[in-house]
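Per-chain numbering from 1; labels A, B, C, D and E assigned in written order.
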Amino acid sequence: MLTVEDLTVAFGPTTAVRGVTLHAAPGTVTGILGANGAGKSTTLLGIHGRVPRSSGRIVLDGQDVTGHDTRALVRAGLALCPENRRLFPGLTIEDNLLVGAHGQGRKVRRQRLRGIYDRFGWVHARRAEPAGRLSGGQQQTVAIARALMSDPRLVLLDEPSSGLSPVAVDEVGEALRDIARAGTAVLLVEQNVRLVRQLCSTAWVIAHGEITAHGTVAELFAAGAVSDAYLGKATVPPDSGS
Amino acid sequence: MSQVLVNGLFLGCLFAVVAVGLTLVYGVMEVPNFAHAGVIVLAAYATWAAGDAGAPFALAALAGIACGAVVSVLTEVLAYRWVVDKPAASPAVALGLLLILQNTALRGYGGAGRSLDTPYDTVLFRIGPVTLPGVKVALVLLAVLSLAALHLLLSRTSLGRAMRAVAQDREAAAMLGVPIRRQYTLAFLIAGLLGGVAAIAYAPTFQVSPYMADDVLLSAFVVVVLGGLGSVRGAVTGALVLGVAESLGSAYVSSAYQSAFGFLLLVLVLVRWPSGLRSTDARRVA
Amino acid sequence: MSALLQVEGLVKRFGGVTAVDGVSFGLEAGAVLGLIGPNGSGKTTLLGMLAGTHEPTAGRVLLDGRPAHGRGAHRAVRTGIARTFQTTRLFPGWTLREGLRLARGEHRGRRGRLGDEEAAALLGLDGLLDRPCGSLTSAAQRLAMIALALATGPRVLLLDEPAVGMDDEEAGALAAAVRRVAAELRAAVIVVDHNMHFLMPLADTVTVLAAGAVLATGTPQQIRADEAVIASYLGEA
Amino acid sequence: MPASSTARHAAALGPVAAVSVLAHVLLIGFQGEAGQLTLLAVSWTIALTGLNFVQGIAGYPSLAQASFFGGGAYLSAILLDHGLPAALAAALAVGGTMLAGLVVGLVFSRTRGQYFAIGTMFFTAVTTLVFTNAADWTGGPDGRPVGLGFPLDTTLLLLAGSLGLGLAAFHLLAGTRFGARLRAVREDEDLAQHLGVPTARVKLVAIVVSAGFGAWAGVLFAQYNGVVAPSQFTFVQSFLMFVAIGIGGAGRLFAPLVGSVLVLGLTQLVNFGPGVSQIVLGAVFIAVTLVAPHGVLGVLGALWDRIRTKAVTA
Amino acid sequence: PGSGPGGDDTKVKVGAILSMSGVYSTLGPAEKNAMTMGVEELNRTGFTVAGRKHTLEIGYADDKSDPATTGVVALRDMTQSQKLPVIAYGLGSATYVPQLRRKPVPMINILDSSYPSVLAQDPHLYLTRGGSDTYVPGCLSYTKQKLGTKSIAVITAKGEPYGEGLTQLVQKSAQAEGVKVVATSDYPLGSTDYGNAINTAVAAKPDAVYLSSVTGVILPVLKQLRQSGWTGPVLHSSGVNPDQARAILGNQFNTLMKDNYDCAGTLPTTSAHPATAAFAKAYQERWHEYPQDLTMWAYDYPFIVAAAMTEAGSTTDPVKIDRALGAISIPKGTVSGWLPNPGDLLFTDHGARTTSEVTTWCPATQTIASAMTFDHRDGAIVDQVFAKDACG
């Protein structure tokens, strides 16, 4: 169980995320929805300790992990699949996956690797190739797999469907449902409304860095909260500086 | 001919030990570590000073290697760490460090060369027409052993994998919970150890002086580029190729222009492979 | 009369991997071709060969019957083939206007080009011309990349997953813009995208790649109904 | 538009002219150490103005500048010795060095980033080797005297004039399409190529231009100094030049001037005895880099911007 | 008496540009030490110019072993700003020539015996010692007669002017002596591995190996030569002393120096001249190091200046002093043991004449000893005197 309270992240004069409070329960997929530039990615990075927080409390399974650095968070079971894949292009696919399980025993790593290969057959076939040579969608799949290598209790995914072919989206969706079913909490940022509808039980709507709605996905769509959020969008990021 | 090749091999081993230290640091931190020459110099002086104070050679050598490691780590902790996200600024820092380290040696020991004595100074092996001085055999042994150990570390351990990951994308590595600062320190530690090994391996054939490593460093940089920045295996290959090329050129064409043959080789390689023989950069334009 | 863009037997091998394996097709000015296929089927590589990013291992690219391949990207774009990238690439420190000026400067005297403001209006980037590209939202950045390509005055425009990271509404606006580029500027457009809600209404013809080769070509309706395409690409979606 | 661009040019070219005049006054007035420092600063500024295209605008870390500098110096000295008139010797020296620049460009402009840096550094190491070893031509490691082709007054006038003209040329060129192309190369070379920028040619031209500036500076330096030696053109010098651009503020008009004055001033003036001076120098390099990673002018520019915006909002 | 009241305006300042740091930093400090001794000795009595007593002061500058850059700047400063009338210097004659054209001043060299002679470069230069052509032939003559050397191999530091000159001279005198040069090889200055040059030399199976260059450059080569298994005689003209051998070669220096023959003009410690020997002793007592050859010329510099100023009747006019230098005889109090030139002059054609010797290494005492002294006249070795038992 993840609880985020009053998370605020500012980049210089721009406050990208303001007082965000949300939770994600184990065994479920929780969505974060919002327009471009609303602050979704920043929220995930804020939880993961990759951007400086000006306020906020992060509680994971009842344990306050606010002051922890990313490494401690990963140890505590938090994993992030960032925007834009960020694979290590010169490392082999297998090494990329293994870095995802950094700090774990050799046996555990092997076992997780087998799990990934069972699920994504082609990855096994190309495991010795440098990851940078893969196509965009293939890289995306590996990036998701890499985040799952640490066997996280909570996994944060930033637009995992981007660049994936429809069939591959189904595969990834399947995988996420499975790990949620196994008790992991999944926090999902997605633009792909269909995927959100398929996977998420509940979702948080974020606009201009603030939570504007929360509920089950069905409720949110029915109440028009989602399209409201999208209506409030701007291609210009909110600029509080000037 | 075979003597020339053997000589090229010696040179190659020396280049390799230095170049691998450079490539490792470059890989992890993207700094062209010119200060490495200073590390080698201080390691050599430490060995010399320990020997001068009466320590047996083995002990003095260990002291030198340790000194190399400590100095190298210090350069990282005190300077490079603070410019890690400003790659354009790092050469100035590297130059500054080089000046500091070299001139520390100059202050401490003066500009005159000092001789480093080893127990195997006068040992000589003869195999057919080829003579192998003991110091050079020791150099090759040291190089092979330390590089093999490094290879195992990098390819077989998760420590090595994490280091290579940081080299490729430090932010992504950090997101996965890899302690990146520790990897920096580790890279500099290994580079420093190798610098120490280089120092005690070749100082006995030459002499210990504040400028002893300048030429070697230059060649080592060429090796790093030949092999592909950040590639350890490439560096070793590049070092051997460069050593043999320079040795052949100097034996059969002109010894005064020895390093020019390295340049020729560099040009040929870069024209064909603009990012080295074994580039670790697998990024696509897409 | 042959088509504006004629692709003949293109092959690309990277070491042992055959990324594109003998692709041929023709495309008329003003037409929009949708290019789809499973991940790794060779779409991006194909675009790369058309735009001069890669030299083809075999085959030819003809623009107006004249060869337009294998001479580097800057020559390809000068002959009139421009592309965007799958991962966003911009000059992050520049404003869009500066980028447009550069691109236009490289192609003096080409007809039918849009002015800065027109291009921005067409793509919905109004008011963003003077901001550093790096500070735009990811969707705006993808649009900016298209604006740069348009500023070269292309006769063939290659868009690699332009709608990625966009919601349906933004994707719809983008589709409309692409339509106008094809119709008004008489450009032939190839669009690669995995978002079928975006692509299918936009494309006149759809070509499906699988393992580097053409699996099927047809109208969007035909492709949607194609068993092989459903099995390998569309799934139940 | 034309009015504002005139104003912009005036704002840049006015100070350029002033600096040029000041340089002439100092060159005439100073002797001994101070004179040498002025000479070096002026000739470095000319050379670095060329480097500022390659390293400053295009972001290609070139360590070949000292060898171009030396190329001009040595070639002109050798040609003068063969009895050529001074102007012809100078022109041929600059031309010959630009040809060398062309070769360097052809080979290394295909490489990027540190590959380019190390390739050009090694080029400089090899030219130093030639300067040292081809003693019949170059006089060997202790250098060779230079026939004085111009009267001293002319040399001083040329030095100060070239400084001004060089900076002016930089300012004007940076505003043209050539400048924009170089900046595009710096930002994203692949993208630039896909927008039609012939990146390879652009880089080549920049390198050849920088070789020209370097060589001309070398000719003038040799004329004043009266002797050229390999130690004046080693890769360490290249490195110092590289650092000077960075410390000045890469790509900025006055970066060559500010960088040269700082780096040379420090190397010449810091005097705590052998060794210690160099240690202090090293520490200063590091400190400046840490405090002002975008160069002194970068920091000043940022400060100025802040003051201005404050003034506007206030 | 010279430093009495009103001494200020009778104090004469002259310059010395020495290599205090950098590659040749082994030379400068020793030169400065010796000059200090010379000035002290001269000022004990002072010297008279145009009826007035004067004392001498030397302004020192460090050329950082880089005369073309730092040295020239120092020279410009000394002649243009400080207006010093005479300058002493060690290295880089050619470098100073253009500046001398702009501002002529006599420059007295205390070191540079390279071949071709530095005196060819400018009429304002003076050399206080014999050129290398006067002493190099001794090596071949000695080893041929005493060791039966019939063939030699030469290893040169390429790009080092002293060494390159030596190589030419060795080839000339080998031909004169009928000794065969069976191999010549070189290595670039500043390189750290001489393997290939050594291989080439040794592979030709010579009777002896000659190493061309200065002490700091050849001793590392000697070490690698011995490490590669060469046990035959080694000849050179570097003027190495035991301090340097120990410092550069390390603890095995005595073994490495075995069978070593050095012909580099005269060394103070082995000189037969009583004044030189006394200087050597005084120098060693004061500075606790062996005096190098150049120290005696450096010591004598103040005396030469004083004599020339007295002769010229001016302490400030470089032109008069320059003319006077050609007219003085060997000044009193000097220790270099010069041979008088015809007309009892110190300089003929700007060069002073010195005796030469061949020294050899004595492992038993771990020091050098004179094995042969000789003079060189009209291109031939004359007045050869062999030590009976050099090391004994």
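The rule we apply is simple: contacts are C-beta pairs under 8 Å (C-beta built on N, C-alpha and C of every residue); 3 or more make two chains touch, one makes a residue touch a chain.
According to UniProt, the chain labels map to these proteins: A, C = ABC transporter ATP-binding protein; B, D = Branched-chain amino acid ABC transporter permease.
Bear in mind that the values here come from a model prediction, so they are computed numbers and not experimental data.
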Distance-maximising chain from chain A - centres being C-alpha averages: E
Relative to chain B, chain with the most remote C-alpha centre: C
Between chain E and chain D, distance of the C-alpha-averaged centres to the nearest whole Å: 40
Chain centre separation in whole Å, for chain E relative to chain A (CA means): 77
Distance from the mean Cα position of chain C to that of chain B, given in whole angstrom: 47
Centre-to-centre distance between chain D and chain C (centres being mean Cα positions), rounded to whole Å: 43
Chain D residues counted as touching two or more neighbouring chains: 129, 133, 190, 274-275
Junction residues of chain A - those touching two or more other chains: 133, 135-136
Junction residues of chain E, two or more chains touched: 21, 25, 158-159, 188
Chain B residues within the chain D interface of the complex: 26, 30, 32, 34, 79, 82-83, 86, 88-89, 91-93, 95-100, 102-104, 106-107, 218, 221-222, 224-225, 229, 256-257, 259-260, 262-263, 266-267, 270-271, 274-276, 285
Chain B-facing residues of chain E, complex: 21-23, 25-26, 158-159, 185-188, 190-193, 195-197, 199-200, 203, 216, 219-220, 223-224, 226-229, 247-253, 255
In the complex with chain D, residue positions of chain E that touch it: 20-21, 25, 62, 64, 66-69, 72-73, 76-77, 80-81, 91-92, 94-99, 101-102, 158-161, 164, 188-189
Contact footprint of chain C on chain D as seen in their complex: 177, 180-181, 183-184, 187-188, 190-199
In the complex with chain C, residue positions of chain A that touch it: 35-37, 83-84, 122, 133-138, 140-141, 159, 162-170, 191, 193-194, 230, 235-237
